[in-house]
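Okay, here's the structure, questions in a sec.
Lettered A, B, C, D and E in written order, each chain numbered from 1.
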Amino acid sequence: MNLTLPPKPKNSLFKKLRAIVITISIIALYIWTFLGIDLDWEKAINKLIQQFDKVIPMLFSPDWSATGEVALTMLETIFIAFAGSLMAAILAVPLSFLAANNMMGKYLSMPGKWLLSAIRAFPDLILAILFVVAVGPNAFAGVLAIAIGSTGMLGKLFSEIIEQIDKDVVQGMQANGANRTQVLFYAVLPQIIPEFLSYAIYRFEVDIRASSILGIVGAGGIGTMIVFASANDNWSQMGTILVGIIVVVTVIDFTSAFIRKRIV
Amino acid sequence: MIEFKDVSLVYPNGTQGLKNVNVTINDGEFVVIVGLSGAGKSTLIRSINRLVTPTNGSLLVDDEDILKYRSKNLRKLRTKTGMIFQNYNLVKRSNVLKNVLAGRLGHTGTLRSIFNMYSKKDKSLAYESLKRVNIEEKVYNRADELSGGQQQRVSIARVLTQQPKYILADEPVASLDPPTSHQVMTYLKKINKEDNITTIVNLHFIDMAMEYADRIIGMRAGEVVFDGPASEVTEKTFEEIYGRSIREDDLRGGTES
Amino acid sequence: MIEFKDVSLVYPNGTQGLKNVNVTINDGEFVVIVGLSGAGKSTLIRSINRLVTPTNGSLLVDDEDILKYRSKNLRKLRTKTGMIFQNYNLVKRSNVLKNVLAGRLGHTGTLRSIFNMYSKKDKSLAYESLKRVNIEEKVYNRADELSGGQQQRVSIARVLTQQPKYILADEPVASLDPPTSHQVMTYLKKINKEDNITTIVNLHFIDMAMEYADRIIGMRAGEVVFDGPASEVTEKTFEEIYGRSIREDDLRGGTES
Amino acid sequence: MSKSNTKKPLKIKQPPDIYPTKTKAQVTIIFFAIVAMYLYSMNWTQRDMVGDITDAPANMVSVLGKFFPPNYSYWSNIWDEMALTIQMAVIATTIAAIITVPLALLSARNITTFKPLYYATRTFLNLLRTIPDLVLAVIFVGLFGIGLLPGILALIVFSLGILAKLISETIETVDMSPLEAMRASGGGTIQVIWTGLVPQVLPQFTSLVLYVFEINVRASVVLGYVGAGGIGQVLQSQLRYGHIAFPNAMAIIVLIFIVVLVIEYISSKLREALI
Amino acid sequence: ACGTSDEDDTQGTDGDAQGEDAAGETPEKIVMGFVPSQDSETIADTVQPLADRLSEELGIEVVGQVMTDYTALVEAMGANQVQVGFIPAFGYVQANQQYDVEVILKSIRYGSGTYRAQYVVRADSGIESLADLEGKVWAYGDQGSTSGYLFPANQLMAEFDIANPTDLETDFFSGVVQTGGHDNSVQAVYDGDADVATTFEDARTEIEENYPDVMEKLKVIGYTEDIPNDTISVTKELNDELVQQIKTAFLAFNDDEEMIAIMKEVYNWDAISEATDAEYKVVKDTYEIFKESLTN
């Protein structure tokens, strides 16, 4: 067998240029980053050596006397997060359809996508202010703030799920003579409901954790405890809070897995 | 009766899907369309229920030109033509009964169907159809729990429930092994005979086409290159359809389809 | 030479994949294995390169019992047995050349392969193999840009690049249309003859088996129920293998595969 | 062959219902449990509400109005902080992306067939994701003092949890057949992963990394609460000045929004280039 | 309430929380918002004892909420969602200017109704006076902190005739470090990351536990003017009679052993005393100066 090497690949100029541009931009980005940021490792490590004993052992020896308070606060947080996430899950459904390419068409879905993006751009702090003004500083303001914050995220995730549905099934229904609404209920919904549910439940978990917003609106919740525990350098209480969160999220994980099995 | 009168179809990207097709299919016939991949078999079949719309000519179903149809008429047309797909196109997460009842969608009001309020008659029709393809014991299984052959039988039951005048089947056995394929084809043939439903089937395999078809239509590059009873099919027919003898040792330079 | 000596295989879930198989395959043979879906064809073939491990008996390849092999020996064994799959098993996003070069993995060090540092010899070997299956002009196309038949030819080229002593092909043509299937089978047969590579092929279709095989092995429920030259195969052989005549109108209660 | 004779006659008298009674009952119970819990939560969270809900929209609109029009001239003051935020996100994302690779492989069921290792990694990642970003930030500030480092570390740990999970899920959905082919041609584990798996997950990997980059830019706002630097801290202190600074705050938000949109755009372009 | 109730409501947020428009009516429920001052050592996370006690005295239900950010509280008072607010001085000034919220009481800590900010430098730095600070690096918590930033900045601007805070940060000082908290500012000076820190008096004790030598290593070179303590303020919608009752009720706590103990322990307060808007003029002036630089 005579040895012939394969011919050299001939890439289009466009592709070559694109590869070069991408490579150069990435290198530039890193150079810019490392020039711009200067980390004082020595100081950080000194600080770590000095602080390690004060923080880590305390974290792992939770202050069990705070258990009652943490449990109560966790319960409050669960109620607030539950109401907020469920509200968000419901609000997100119509928005997600508006933002899905395959439901609205590429261009008509743009406003929906932008709206969802804009909602996500609002930081917790500002949402909190808005809702405190609306309904006063209380748990309900927390519910609303969580609901809106989560709607942005869930709407985006939901619309991505809708964009991934199996078109064949839709076509199967159309071939039966089904109209648009029927196609929606028979071909689209059965495909997306399970994913919607899992994301909604996942978001519920996130909302339980991301409860710093609740402190701002005076809704209590675990976020307030975190802020105060850190301000007072109470690391063993922080340990208790962590344990509380881990326990609750794990329990939710198991319950939701159970529910999902029934429904999906 | 279905009449293609000089029908052509050009896809938006310029591909010629159909080219001057002239074919008449009579009521009660069992027609098999064969041809290489990309020959236009699917395009032909999907024109009949307007899943794709030919760009030229006229296509008459029961003496009406369906190319002019808009949404309302379209639903009617689709209600009387049932379709069976290569990949069954069942809603995987719904149970068998719900999938079969979907065949009634065209006959059912939107609200009623949303709340699953089917009439007793519809439900027993669905159950009867399941019985006809011998799969009634899976009525509450989810579609994705069934084997390929079983899923295809469910999709036949769905079409039966629709009580169509025409059945279109786009490579209904391409995903199945030979014994199961024969079984599915046998069911289709049986329904064609018992209910006198005109049936049009796309197939890859010539031996199977020969066995079940009353009439074979051969396609190549969007054109009908053969049309006649199965008994008239010869070795030469294949050469025409496939553009070469299928046994040729086309070792070098054989083009891919 | 490959010898199955009373080989049995029980899958962890209790399915009996192989049952007391005794078969000897001589160098240079072209053997086709036929049988229903689930008969154990794949299991038999995959035992030979230890993608599955029989639970009983001994399996000798070139007079060594490969059932005792551990990682190092295993890699050697696999390097000398090339495999072709029904779905080509190409890396869809990689280009053809890269896919074909993967055949050299067993001969190449880990680091060299990670940095795509294949020797010149390997590269020309890969290109030669592509030429042999007549697809060298697609060398820089991505695998998913090719048609089914072309992809299968690339996977044959991959095996050729491996320079194996044995080729195992698990339903290499099940996803292809008839003319393309014949083309692929012809390439396999040609390689078998030209390079004297022992070739073992699983097939669903009996007509094709008869056409290409030197020898046919029929399997049913994990057992070898027929073993003999293609010329000895009769109608009765099929009945034995498939458990019934293949043309029977098994209308009701046919079991699903 | 003919199983029809042995088939049990079904007890259902026709016509059957769409769902078996048991399924219906279960779904109904779960549905009502959720509704009940929702009503209870709503009731409970509103117990301290004093005002009239009808005023709410007007109140909100009047406050929101104070944020507009955004004071874009304020941008000139915050380029540095914005840059810093992006730089922190770049570093955190890069490091997280590197650490993710082994973790994701270890927590993918189809790659790590050794069950104990798989479960151990899964559990570790689950625990990691349980910790709120605020707590992470607070702990790292406690450990390393105020500054960029704790911010970056919090971002790394936080995004690691998400990234490893998402990527391991991607890995679990890859087509295993090419990997089998590589193994059949004698490839070792690393070779098989490199040549069979990596090309399949690379586009997803890139887009997930960019997605996490976006999350990290947003998360810097939370980090601002604990003084871990970046644009969030500026936003925080601006809001403390009350109304007069609200337009400045809005300008910051718009800037973050633009940065995130740009990242989204780049990410979609990069994905196109890779797929 | 308190002389401002006759002013026009310019915010369009006139909805009385109880849905009754007459300013003379007594609400069924009072919401009391509490923001722990940043400028204090310990931070309480409950206001319940106070609320319960107040409720007893007034015979009206009182709900107490602790909030972690005073901007939200100020806005809530503006919408009359909160009627009684415990706000730090700077927040009060904003609330007063924007929503006519009126101060009625203030907290007394360490026997005083005011506190000060201090300038901390390293003892061996050679910095003796404020003038020596020129060209040095300045550490402060954040720009919204009254003692950490506003008052010292104001003082320096006045003393060295600097037009605005930006000039102060860039021209007078050679650099600034925003640390996020008073203890961090002290730490920054201790570690040598900054030359001077401005904090409340005496934030050095915050880190004394970890750095026992902090009192010797760092010294204070100056103080700002007195800053009024946290306020207890009410919205303009509350009727005068009720405001008077609230005032009396709070003042009565001073004579209640049990209440004093709680205030001491939980809020670090010694007592509560009357306050007028005039006492907060100094904060208002400071605020005015910064307003300029913020809006351009």
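The working rule: a residue touches a chain if its C-beta (ideal position, glycine included) is under 8 Å from a C-beta of that chain, and two chains touch if they have at least 3 such contacts.
Everything numeric in this text was worked out from a predicted model, so none of it was measured.
Peer 1: By the touch criterion stated at the start, how many steps lie between subunit C and subunit E on the shortest route?
Peer 2: The distance in steps between these two chains is 2.
Peer 1: What are the mutual neighbours of subunit A and subunit C in this structure?
Peer 2: Touches both subunit A and subunit C: B, D.
Peer 1: To the nearest 5 degrees, please report the angle of the rotation taking subunit B's Cα atoms onto subunit C.
Peer 2: 180
Peer 1: Where are there more C-beta contacts: C-D or A-D?
Peer 2: Of C-D and A-D, it is A-D that has more C-beta pairs in contact.
Peer 1: Quick check: how many Å separate the C-alpha centres of subunit A and subunit B?
Peer 2: 45
Peer 1: Could you put a whole-Å number on the gap between the CA centroids of subunit A and subunit E?
Peer 2: 35
Peer 1: Just curious, how far off is subunit C from subunit B if you go by their C-alpha centres, in Å?
Peer 2: Whole-Å distance between the two chain centres: 34.
Peer 1: Specify, in ascending order, the residues of subunit D that touch 2 or more different other chains.
Peer 2: 4, 7, 48, 50-51, 55, 59, 62-63, 141, 145, 226, 236, 239
Peer 1: Residues of subunit B that touch two or more other chains: which are they?
Peer 2: Counting only residues that touch two or more other chains, subunit B contributes 98, 134.
Peer 1: Where in subunit A do residues touch two or more of the other chains?
Peer 2: 40, 43, 51, 125, 129, 133-136, 138, 219, 223, 227
Peer 1: Would you please name all pairs of chains that touch?
Peer 2: A-B, A-C, A-D, A-E, B-C, B-D, C-D, D-E
Peer 1: In their complex, what parts of subunit D are in touch with subunit C?
Peer 2: For subunit D paired with subunit C, touching residues are 1-5, 7, 175, 177-178, 180-188, 190-192, 194-196, 199-200, 202-203, 275.
Peer 1: Quick one: which bits of subunit C touch subunit B in the complex? Just the residue numbers, please.
Peer 2: Within the complex, subunit C contacts subunit B at residues 36-37, 134, 146-150, 177-180, 182-183, 186-187, 190, 204-205, 207, 242, 246-247, 249-254, 256-257.
Peer 1: For the complex, which residues does subunit E have touching subunit D?
Peer 2: So the residues of subunit E in touch with subunit D come to 11-13, 15, 17-19, 27, 29, 31, 63, 65, 69-71, 74-75, 78-81, 90-91, 94, 98, 141-145, 166, 178-181, 184, 187-188, 191, 290-291, 294-296.
Peer 1: Taking the touch rule as given, give the residues of subunit A at its contact with subunit E in the complex, in rising order.
Peer 2: Residues in contact with subunit E: 40, 43, 50-51, 54, 125, 128-129, 132-138, 215-220, 223-225, 227-228, 231-232.
Peer 1: Mind listing the subunit B positions that touch subunit D in their complex?
Peer 2: So the residues of subunit B touching subunit D come out as 95, 97-98, 101, 116, 118, 120-124, 126-128, 134, 136-137, 139-140.
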